[in-house]
Amino acid sequence: MTRNPLLETLRAFMTERDWGQFHSPENLAKSIAIEAGELLECYQWNADVDRDEVADELADVLTYALLLADKLNLDPEQIIRAKLERTGQKYPVEKAKGRSTKYDRL
Amino acid sequence: MTRNPLLETLRAFMTERDWGQFHSPENLAKSIAIEAGELLECYQWNADVDRDEVADELADVLTYALLLADKLNLDPEQIIRAKLERTGQKYPVEKAKGRSTKYDRL
Amino acid sequence: MTRNPLLETLRAFMTERDWGQFHSPENLAKSIAIEAGELLECYQWNADVDRDEVADELADVLTYALLLADKLNLDPEQIIRAKLERTGQKYPVEKAKGRSTKYDRL
Amino acid sequence: MTRNPLLETLRAFMTERDWGQFHSPENLAKSIAIEAGELLECYQWNADVDRDEVADELADVLTYALLLADKLNLDPEQIIRAKLERTGQKYPVEKAKGRSTKYDRL
């Protein structure tokens, strides 16, 4: 993993506040689910949302997701690419094109 | 926003499958919450998890989060940094250090 | 389904406010996930929670769950019992006793 | 709380499998969020769902919600009614009728 200035900023922020003690992988996984719920709340009753609010909640999801990756020594870009490859195998273009069907029903 | 090879890979993957039509911001917000639930399932009964499974589910959360950011023309790094600054104001080091208390009760 | 005073109270509350128009099954499913996130927030950093807060968020989950059941003409007690029977088949006592392992790994 | 046959069935099911040890309030709160995500998955890409699948996932949400209430000695009907009263105060009919606006913006 090359130098990652964003991650270094996140780490410094947490260290400064001594918050690492709360950031067990399990607590981070809970936090991601909690923030994902707040993000979803922007779309609860209609799709006509306040973009700033969405940005705010999406930032929380991303922050906790990056902290969890960091805690587990996972490189975010690497796991995204690895998963994309597996998804590509489960959803080959010729079968999945234009369809939202789950792979086990394709 | 500078060139972002990961984002370009994600976009190409979706375009190839013509999946953009399903990726309304609302559907992406739902997808983030769904994947956050699957990630949390790794920690449902105990904290003794399979790291590969966590990586897999975390990758799904990150992928949909990046797709939502892209759809709304939000730069992930920029919104994370902006939110971190607001969080820093709500949780100044001298008050928040070593405490997990919510800002409105600090 | 026999007379259900609680359900009748919920329906009257919604009708009085003309909120039925917002309560599509999909919106109710989103609402359940949103409230489940707020409930989980009570347990975000530790297990030492305020019981009144939990009661409040749990009530929201239950309310939307009952509204969704009602919208789909599902009897809550009946679907709980039917699911319990299926769960009992997937987790027979002699294999599942004292174990939190998922059925496909038992 | 009067006799509740459904709750007694749920308790017997769990006792028989010695699963009470896994059902800390925190684990039940996580379980509700996980099942809420699976319920939401029924509505991920469109609103055209399989009613049996919805019933199945909704039953899981309800089951864990009832188990959490039971663990905390909360009467489900009572907390739903208490919350409804508070909601009624935050959303008086004359202000809230026909609107999905959050109370702090009404």
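When the chains are written out, they are named A, B, C and D in that same order, and each has its own residue count from 1.
Keep this in mind: a contact is a pair of C-beta atoms (placed from the backbone, for glycine too) under 8 Å apart; a residue touches a chain by one contact, two chains touch by 3 or more.
This one's a predicted model, so the numbers in the text were calculated from it and none came from an experiment.
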**From the options A-B, A-C or B-C, the pair that copies A-D, where over half of the contact pairs coincide** = B-C
**Of C-D and B-D, whichever chain pair has more C-beta contact pairs** = C-D
**Complete:** The distance between the C-alpha centres of subunit C and subunit D, rounded to whole Å, is 3
**Asked** Between subunit B and subunit D, what is the separation of their C-alpha centroids in Å?
**Response** 26
**Asked** Can you list the subunit A residues in contact with two or more other chains?
**Response** 22, 30, 33, 35-37, 40, 43-45, 100
**Complete:** Listed in rising order, the residues of subunit D that touch subunit B in the complex are 22, 27, 30-31, 33-38, 40-41, 43-45
**Complete:** Per the touch rule above, subunit C residues touching subunit D in the complex are 6, 9-10, 13, 16-19, 21-22, 24-26, 29-30, 32-33, 36-37, 39-40, 42-43, 47, 49, 51, 54-56, 58-63, 65-66, 68-69, 72, 74, 76-77, 79-84, 86-88, 91, 93, 96-98, 100
**Complete:** The subunit C residues in contact with subunit B across the complex are 30, 33, 37, 44-46, 100
